[in-house]
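We call the chains A, B and C, going by the order they appear; numbering starts again at 1 in every chain.
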Amino acid sequence: MKTLSRFYIFLIFLFLYAPIFVLIIFSFNDSATMSRSVWSGFSMKWYSKLFQDRMLLEALRNTLVIALIASVVSTVLGTSAAIGINAMNRWMKRVVMNITNFPMVNPEIVTGVSLMLLFVFAARGMGNASLGMISLILAHITFCLPYVILSVMPKLRQMDPHLYEAAQDLGCNPVSALFKVVLPEIMPGVITGMIMAFTLSIDDFVISYFTSGTTQTLPIFIYSMTRKRISPEINALSTLLFGTIMVLLLIINFRNNKENKAEIAGEEEMGR
Amino acid sequence: MTQSPIITLQNIAVSFDGEAVLKDFNLNIRDGEFVTLLGPSGCGKTTTLRIIGGFVRPDAGDVFFSGKKINDVPPHKREVNTIFQKYALFPHLNVYDNVAFGMRVHGKTESQVKAKVHEMLQMVNLEGFAHRNVNLLSGGQQQRVAIARALANEPKVLLLDEPLGALDLKLRKDMQVELKKIQQQTGITFLFVTHDQEEALSMSDTVVVMDKGIIQQIGTPQDIYNEPRNAFVADFIGESNIVDGVMREDYVAEFAGHKFRCVDKGFQPNEPVDVVIRPEDIDVVEPEEGHLSGVVTSVNFRGVHYEIIVDVNGFKWMIQSTDFQPEGKQIGMMLQPDDIHIMKKSEYSGMFGDYSSFSDEMDDASVLDEEEGER
Amino acid sequence: MKAKSIAAPYLVWMTIFIVVPMMLVIGFAFTDRSGAFTLRNLEGVGQYSNVFLRSIWLGALATLICLVLGYPLAYIISHMKAKRQSVMIMLVMLPMWMNFLLRTYAWMTLLEDNGIINTFLASLGLGKLQLINTQGAVVLGMVYNYIPYMILPLYSVLTKIDQSVIEAAQDLGANQRKVFFKVIFPMSTPGMISGVTMVFVPAVSTFIISKMLGGGANLMIGDLIDMQFLGSAYNPNLGSAISLVLMVIILICMGIMNQFDDGESNGGGIMI
């Protein structure tokens, strides 16, 4: 039984990782432009080509700018939304949450085209402005918002509702009570939401595709590369992205472990 | 203890979602008093507290603090502090920072803060806990931090919302004594909310018994216990046998088929009344010697005494006695004039005081869902 | 209370970027180019019924495969030691951190006519297989991209099953098989439902996977919408009608799915 399940896990992980590793290996392939699948020696030439690609660097810059703005704005907007929604009565809460969840349930492509219609409409109204960074940022904030709200909401629900009152009772006005007590309390949810928003924004293709006009983001750039028949640069790019993500995850994991250990140690000390 | 009232509630009415929680509520609290609001869940006692704290705006009526109307004063500008049901300690701050919170908000210097925090922690016996994480404290310790935090603000009035509800029985008793001591030391007015009648009787100068948003009785613990005004109060404070009776004339009441001498007067001749007899006041005698006689239907051992249920012509009486009586035995019951307390008929007449459906389980169940529905 | 009002900016945002765009989609679906009311667009969707059927069929097939492959894995992982579990779940999630265009691209290099699999077969002296530009390739791409969305909710439900429930079943005389089929499997339905939804919705509405792995011959609903908005067949009115029908289909599918769920929804939850 045990070997069987191990073998099963092995097969699934092989399925999940084999394509990625093939991609990585062939990023070092010194092939001519003929084929992406014939090994003809080790080379870093795709990497150096990649870094000379002005389009790519431009797309990377756009992606980071959009992700930064979208994650900050959606976090601020989403956190205050969550606090407000939490204070609503049941009926209001239900209506607002249903609309909030809608973009998460709706197929991405429909969200994408609906936003495109909106932006085209608005652009026409503003005298033939065209879609670009602004529409991308607005679209990204929109699809990030529900994730921020959903990661803050549970923290608010777990929070003792009397904390906010206790702060006021001790002399805080409602606004400073929010900043001094409620915000620190829901901070983990806010940070999770922000990280989620950032990664979702970097990763998004479908919605960007419909709202970008001629502006390039990294996923759109990747898409245009896959459209060209042969472009081993893309392997190099994948490898770099994958490597970055691995390093980031390792750091996060390492930090979490450290925190957990510190917490456990703290509890043990209390126990004595 | 007899100055002008520090807090006055005048004709207060509150309702939530169309349901009246307080109706034409009037209450005066004198400076330095320990006042307890006592009542079952949903009686409006927590709401009363929250009105004074500033967290609930009454639909009608006025709130006065030292003679000044404070209806529109927000919570952070009121000179009262609250101890919340589950303490509401700030989890992201340690003990020291929790206690210092109010003073810092009010812009005290750090040296003032430091001195006061240590004074407060000393008062609640938590010296040496200053830098502990509040989440890792026991319930009793958290309770003490909450007290220190509220008192560090030097309020004129401290509002306590069922502060002992989350503690186990033994700790609760200790904290009752300690709270009373702190109140006497500091001289601060305490307004304490509880559904536990024992707690109310043992700690308070004045007890306010509430039900359905209406004050049923205000008085000293002794008054409330010995002279309950109606069947609700009699039943809620301790155990009571409540029987229908008729006041034949002053000092003579007729019930359970007999005429009894009593100490009450001032009723109309032949006025129907409720008669209260506390179970511990009934003397058990031989059947032929008693005023009443009946058959023992059940006996429960309660530690200090036995709880004996006696069937007298279909009405079940409870007797608390240190002597054991076997089930099925015919016994006599003797009532002295001062054991008998006469009350006017009220909307609660006939709802309480008969032990025919008495069971321990029902009692416990009603204690469990306390306060759930209250805001 | 005042707390409600801090949700106001979000409510405005939500109205402009969720509600209004949806209204636009509906509006476009029921009008012609001059803006007059028409049912022509919805009638026009009818000619693509084969595309709809294909999309639903391929999406459902991919969902089923994900469920069949993912359930055992989630089950095995949920029975591992806690520390091992988190490593395994992280390994399941890791490929998701790579942009799905790149993941799909990786399969292109494997499945191509001159791809790695065919090169390998040729080196064994076997003939070439037609792998890419088939429906099989599309389903494969869907399974590969979306299987983590199936595993994660299943896993989170399976780990939450109280051990004492299983022990109670054993105590009442159930053997291992019966424990699984009578207790564990029914208790994991909320996870299955959210897994199925999370795989089916993106699978049925994809246009990238079919474009990259399906060639031109295996059009899906997503491709149709893409063509109406950004492609050669520019016709946003028809595109909106198709989007509307897609949304309705998905709503119906989700409604059917929720029938299987006895009351307690959201049991699976989304974890990222």
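Just so we're on the same page, contacts are C-beta pairs under 8 Å (C-beta built on N, C-alpha and C of every residue); 3 or more make two chains touch, one makes a residue touch a chain.
Owing to the predicted nature of the structure, the values given are computational and were not obtained by experimental measurement.
Q: Central chain, going by Cα centroids?
A: A
Q: Measuring between Cα centroids, what's the chain most distant from chain A?
A: B
Q: How many angstrom lie between the CA centroids of chain A and chain B, rounded to a whole number?
A: 55
Q: Take the average of all CA coordinates in chain A, do the same for chain C, and state the distance between these two points in whole angstrom.
A: 18
Q: Centroid from C-alpha atoms only, then distance chain B to chain C, rounded to Å. What do you get?
A: 59
Q: Tell me, which residues of chain A touch at least two other chains?
A: Residues 174.
Q: Spell out the residues on chain A that touch chain C in their complex, using ranges where they run on.
A: Per the stated touch rule, the residues are 5, 8-9, 12-13, 15-17, 19-20, 22-23, 26, 35-38, 77-78, 80-81, 83-88, 92, 96, 99-100, 102-103, 105-111, 113-118, 121, 138-139, 141-142, 145, 147, 149-150, 174, 196, 199, 203, 205-206, 209-210, 218-219, 222-223, 226, 234-235, 237-238, 241-242, 245-246, 249, 253.
Q: Which bits of chain C are touching chain A when the two form their complex?
A: Touch list, chain C to chain A: 1-11, 13-14, 16-22, 24-25, 28, 69, 72-73, 76-77, 88, 90-92, 94-95, 97-110, 112, 114-116, 119, 144, 147, 197, 201-202, 204-208, 212, 222, 225-226, 229-230, 236, 239-240, 243, 246-247, 250, 254, 270, 272.
Q: Give every residue of chain B touching chain A within the complex, in rising order.
A: 53-55, 74-76, 80-82, 84-86, 88-92, 101-102, 105-106, 132-133, 136, 149-150, 153
Q: Quick one: in the complex, what on chain A touches chain B?
A: Going through chain A, the ones touching chain B are 160, 162-163, 165-174, 176-177, 180-181, 184-185, 187, 266-267, 270.
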